[in-house]
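The following pair of complexes shares a single chain, subunit A, combined with subunit B in the former and subunit C in the latter.
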Partner chain A sequence: MSAPVSETATQALQEDAPVEKPPRGTPWWANQRIGLLLLVVLLGALFGVLRPAFFNQQLVIFPLLRDIAMFTVVGLAQLCVLSIGHMNLAVGRMAAFSMMITGISYDLFHLTLYSGLLVGLVAGTAIGALAGWVIARTGVNSFVVTLALDFLLLGMIPLVYTSLTDNAAFVVKPPGMRELRNYSLADVCVGNVCGSPAVPQLALFAVVAMVVVGWIYSRTRLGRELLMTGSSVRAAELSGIPTARRVITAHAMSGCLAALAGFMLAVSTGSIKATIGEEFMLPSFLGPILGGTLLAGGFVSIWGTLIGTALTSVIRKGLDLLGVGLESLNIYLGLILLVALSTDRVRTLLSDRSVLGGPPLTSPPPPKREGEPR
Partner chain B sequence: MTVALRRTALCVAAFALVATGCTTKPADSPSGGAPKDDASTGSSSGPVTLKDGSQVKLALIPGGAHPYFQPWKTTADTDKTDFKLGGVTFNETGEWDQGKQNNVISSLAAQGYNAFGIFGVSPTDINSTFEDLKAKGFAVGSLASCPAGDTNAADFCLSTDVEAAAYKAAKATIEAIGGQGTIVHLTGNNVDSNTQRRIAGVKKAVAETNGKVTELPVITDIDKDLSTAQKAVADLLASKGKEIKGIVTTAYNPAVAAADGVASSKLPIKVVAIDDDAKILSGIKSGGVAATVTQNPVGQAYVGGWLLALLQSKQCTMKTPGVIVDSGSFVVTKANVDTYDDERKAKTKTLQTDFEKQLSCQ
Partner chain C sequence: MTLFQASEIVKVFPGVRALDGVTLSLEAGSVHALLGENGAGKSTLIKVITGLYRPDGGRLLLDGQEVSFGSPHESASAGIGVVHQERNLIPGFTVGENILLQKLPTSRGLIDRSAIRSEASRWLAELELDIDPDQPVTELSVAQAQLVEIAKALSIESRVLLLDEPTASITPNEAALLFRVVQKLKDDGRAVLFVSHKLEEVFQICDTVTVLRDGASVLSGGALSDLTRDQVVDLMVGRVHEALNLPERTVDTSVAPILELRGVGTATGHAEVDLTVRPGEIVGLYGLVGAGRSELAKALLGLDRITAGEVLVRGKAVKIRTVRDALRNHKIGYVTENRKEEGVFLEQSVARNIAVTIWDRLRKPLGYVPAKAETAIVTSYVEQLGIRIASPSQLVGTLSGGNQQKVSLAKWLAAQTEILIIDEPTVGIDVRTKDAFHTLIWDLAANGLAILLITSDLPEMITLADRVVVMRDHRIQGELPNDHNYDHMSQQVIRLIHAEGTTAA
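Presenting the complex of A and B:
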């Protein structure tokens, strides 16, 4: 589910433009996402051999998948603004803001679990749209605007929590929240056959987010316009795309997904507190960038975000199980990521060499498109 | 290639679903629930000796790296030797994030650890973690911090009463400044329920002076690291150094920074610190620090380990699950700086006696 920008603005706006075939001769193993996926599987197998407990469904796989699901949504939140070549440094604080509104709705207005979630999603969308509106109106870099918004929320959120709560957290748990935290697909049965106890129900939120975001970027005019805006704002404007509105849309989508990730974190840890999202910023970049989404905009990869997130989560979980101490855990994490990315580069070089050294192509390959991941 | 990738990804997703496996719903079985407690209800008298700790693997898990918890590491080894436990570990890789700490805990459980002494990162979240562990049949103790609110889902909580400790520290500050003047409170993360309790403890002591002592706005969020605390102290002394007569600190880094800052500024400010870092103790000896309030991390790890082993080996059960016991806090001044540790060791012994009254043992 990856969505490159089309070659020209006109093509980009054609809803049913034919899918362009990749150049023939490029081996399947040269694809970045497949390489990362293989790496995840190999690392999983390696950790499993070294520590068979790695395959413990209840104690390892279940929390691992819950983490991957949550950080994938965090990654998607960043991916939306990366698609237009922007950044959202306030992704974590947007999650905290949205969950603050959700917490108020549970605590003061006694809303149900999903009504509160809906309120949080609306709040996230609104704060994201506000960031986008400021960027579009002022022309100030998204880095600066979202950083300023981050500081604003950093000051505001604790004030609200301390004035409304005793323990700087909304501890009211609406019915269903505890179950959502612990239930797996084993609790979903058709007749006598139930799902896997290793897959948390919370992961379904990530699946829905991936499907919706993937559909927007690969199947809709809006998605193509967003990618076009990311690829070249000027070209997009000349093609009649309302780029200012697309900037607001991308940031609103980012805020909405940040809110969803905040909800998943609140459910999986147990309460809605001011510190929600503090750990979101780095993982929000890590997943999409590892997965092939471009920082410069114009290309996104939803599957890549999932796989990139899974890679870091699997490495961390494996190192946890191997009993690696704090002093060396982050060193190993960094080293493995470095090796993974170097391997990826070597694979690309080998692929280029095999294409160049192989039999002549029946037709010359099309030129490298702007925004194509390398 | 995009289409091929999509197909591959779908195949992998399908494979992953199959690999994780479907299950068949067993007839008339609940999906979860805590195991039944099968210990006897015999009442104990005198010290309880652990009969067999070989099946107990104890994990002591702070929220992250912090000097306060370093005694836990050595005390875990003492627990292993004294109680002949099957294994012990000390894991500080939680990095002050509740999600990461939960992952560390579940990974240790997967490796066979079955008794957990935990300092929860988030007092408002940690009960959910305790509930998860209890539901899987593990013994759980909340060490050095209790969950926020009225409920403790762990078997017990052995912690400093942070509000009482802050109250003691504020009283010591008020006494040091002669009962009147302006004081300021330096502490940690504002959005932490323990910080709120510390703030309440200091305010209570100030309120008891009927206006003779006033408190400047509390300075929070400066326990992240020493340099953050040093900067805050330098700013405070530069702007209000002449106005302040006393500084009460209820977090580690602000305590060290205040002791250093006041000493180098040569202002006549009385500092009351927390914990017994070597710098603070030398400050007490030299007179630069008026007093410090020390806690009992060794007692928490030693008595907590003993209790968890009794519970996990099923030799004992708690009469009242979730009971909260104060592990003690001790005001140290120049007068008792050389002997305060004896007081602390004595408290650790009485803790075992206090807990014995809470146990039903075979």
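Presenting the complex of A and C:
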């Protein structure tokens, strides 16, 4: 039985107060994603003008896209936990752990390339779920739990490698791994039409990950409940969302994507070793945050993650081609990111002011309208 | 003597004149009421006075001198203290530290703890409050926290004190304490501005009144003694306000209770709680803040452990583990009192806020939620409850309190609950919307919903409830059939609370 609201009550509830209009949507030029995309294009063009070699399909574009694809998946791994307002500091080590399991499955059980990947994904999901379970069970901050897990894996993984392998890497490569590394869309043909040789096949993994994660967050109950949990755990709990289970799910998804990223790295470097994923942690935050995903949870942007990742990768590659040394490269990268993030903030402020005329704001969500009880 | 005056204040936001020539005068040794419906401009005016907004026209005069404040800090230094509607104490700090936050005493660059203690004690003593300055503020009751905020506002030597809905979440007894403090401030020659939706209080403690409507003052500084309650309400709503007239509603007492508690005890400390609610019945649960009413509701929903007795839903003993369990298997919903933190998701859309309870029902294989079905349900509740929004994708944080409360309620109606626990439904909601909520709750019961109504608003309780159950110190103190006669009922309820000659904790 439902409790329909009768006419009388509906009548009583109608107010003659004007509709409470939200502050008008931010104008297009203040859209973070579009701004970033423009920046990527501009920087790409700039690097191309300065060093025409930047547009070399095989030597630059191909590996660049491979990097972007991999770091996008890394970013998505972080995005899953960011969606509930958590962090996963062990994202790289989870990748290493999963690839260790995958390596064992190739080395000892001679699995095929894709069965090994599957085993790795399962291992990643499991270790992520474990992290989530500990967080949900103990209520300890995700930062602390994943940091602890990171240390645990940091010690454990090399031990396993040294006891199972001779030179700290699994040498058995399943058939198809080398091909996957070098194949581009030019090797995928429908009739006579083949893809671009600049796009690596590995990038398809990122596309699949984006589609799946995007679908979950935009179309399913799970995704919505994750976002609600991220917005307010207490309100979520009191609305009947099983928040503990959602925390575990988010971390499991993170672990699974970390494993996928680890696999992509293993394929593109051609070796499965203990150091996989060491460089994942910082980029995992950069992509999503640049792209507009909230650190506090409740809002994610899949496209933004791709564009944010693309921005950092393009900058890195471009500066590298310009012959900037590694140390200076990091300085420039840091500066450019700072500028990118702060111009973004300035843009939001400007658009808020032109829309609202209110005082400057200190936080991104639209301000409450004046005149309301606070 | 006019201590402070805001004269012909204009504040324009794009597309709306929030304040259009508002004049407000505060006299020394007098309590002035600022009334108006939500959106009338009360909060905007307070923000202009405290320097949070810069006025687009008009003047602020303090002691006859024109002043202009660039920030709340400047207005505070000039002697204007404000206690905002929402709590502004810093949780990790002690009472003393919070009171003196604006100018912490230091010695050689370090915090001087003994100075804090003595300074803070002085202000607490001034308000005749028995609170230890070393106590962490998290241990305070809502009312105590409110009074500590007043102490904080006084500590800057303020001569003008603005109180924005200070009684929104406290009980009559606690309010009485607050009013004594206000009286004392008045006797000391300070000017007090009192904003409230509760007209009873306004008539009790205020001397003069300014009424705002649509950003303009329709009455500026009138003496309250010349006005009746109805006249004030008419001024606020701009037309003759009809007293709430609810249709007849009878409860079929032969029907078995849908929710029954037998000798329930909880981990929070409830003991021997007996309670029944029948379909179509509104049972009021009344008590002072801290009596354990919301805690009982939360224990029922599985958020706290039930340690003794049994809970029967539709005649069957049940063990409810989570809110999800309560909703899915027993059709019990809980509209929380803590709207902003527990009731709605401020940074999510209205659509998601309402649909959050129905995704489970709508989902197809793989958890896919069809947008069409979702939108249809959301739209229907937005219309039925008269939620005023531009689109369902509008963020709930941009809505007024009344509309947020409608959203908070809508999700439980959408979930098709049969038992609804409603906790403080009309805190901080203006007169007209409040009446609408009362009509709605009444009407839901008439349609068969079993309602357990928790409220500290005695008139609300007496308007709505069929039976009033009084709780004190986590125990049921007694139960009264409600005859809807305010004078008679309020006496009985208060007497029951203070039965056995003990004072409530």
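The definition used in the following text is that the second predicted complex is superposed on the first by the 323 of 374 C-alpha atoms of A that agree within 3 Å, B and C clash if a C-alpha of one lies under 4 Å from a C-alpha of the other, contacts with A are read in each partner's own complex, and residues count from 1 in each chain.
Note that in this section contacts are C-beta pairs under 8 Å (C-beta built on N, C-alpha and C of every residue); 3 or more make two chains touch, one makes a residue touch a chain.
Just so it is clear, the structure is predicted and the values come from calculations on it, not from any experiment.
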Requested in this report: Classify the contacts of A:48 with the two partner chains as first (subunit B alone), second (subunit C alone), both, or neither.
Outcome: neither
**Report entry** Touched partner set for A:186, first subunit B, second subunit C, both or neither
**Finding:** first
Query raised in the report: Thinking of the overlay built on chain A, is A:242 touched by subunit B (first), by subunit C (second), by both, or by neither?
Result: second
Query raised in the report: Just subunit B (first), just subunit C (second), both, or neither: which does A:270 touch?
Result: first
Requested in this report: Using the touch definition from the top, say if A:232 reaches subunit B (first), subunit C (second), both or neither.
Outcome: second
**Report entry** Shared subunit A surface residues [contacts with subunit B and with subunit C]
**Finding:** 1-2, 4, 19, 22
Query - List of subunit C residues in touch with subunit A within their complex - result: 11-15, 18, 37-44, 47, 52-54, 84-86, 164-165, 215, 247, 301, 303, 322-324, 326-328, 334, 336, 341-348, 352, 355-357, 359-360, 362-363, 366-369, 371, 381, 383-386, 388-390, 394-395, 397-403, 406, 411, 413, 415-418, 420, 428, 432-433, 435-437, 439-440, 442-444, 446-449
**Report entry** Touching residues on subunit B, where the partner in the complex is subunit A
**Finding:** 1-6, 8-9, 12, 17, 20-25, 31-32, 65, 89, 92-93, 95, 97-100, 102-104, 106-107, 109-112, 122-129, 132, 136, 148-149, 190-193, 195-196
Query raised in the report: What part of subunit A is in contact with subunit B in the complex they form?
Result: 1-2, 4, 19, 22, 26, 28, 31, 33-34, 37, 51, 53-54, 56-61, 63-64, 67, 158, 161-162, 166-169, 171, 178, 181-183, 186-187, 189, 192-199, 265, 268-271, 273-275, 278-279, 303, 316-317, 320-321, 323-326, 329
Query raised in the report: Contact residues on subunit A for subunit C in the complex?
Result: 1-6, 8-10, 12-15, 17-23, 216, 219-222, 224-225, 227-228, 231-232, 234-242, 298-299, 355-359, 365-366, 368-374
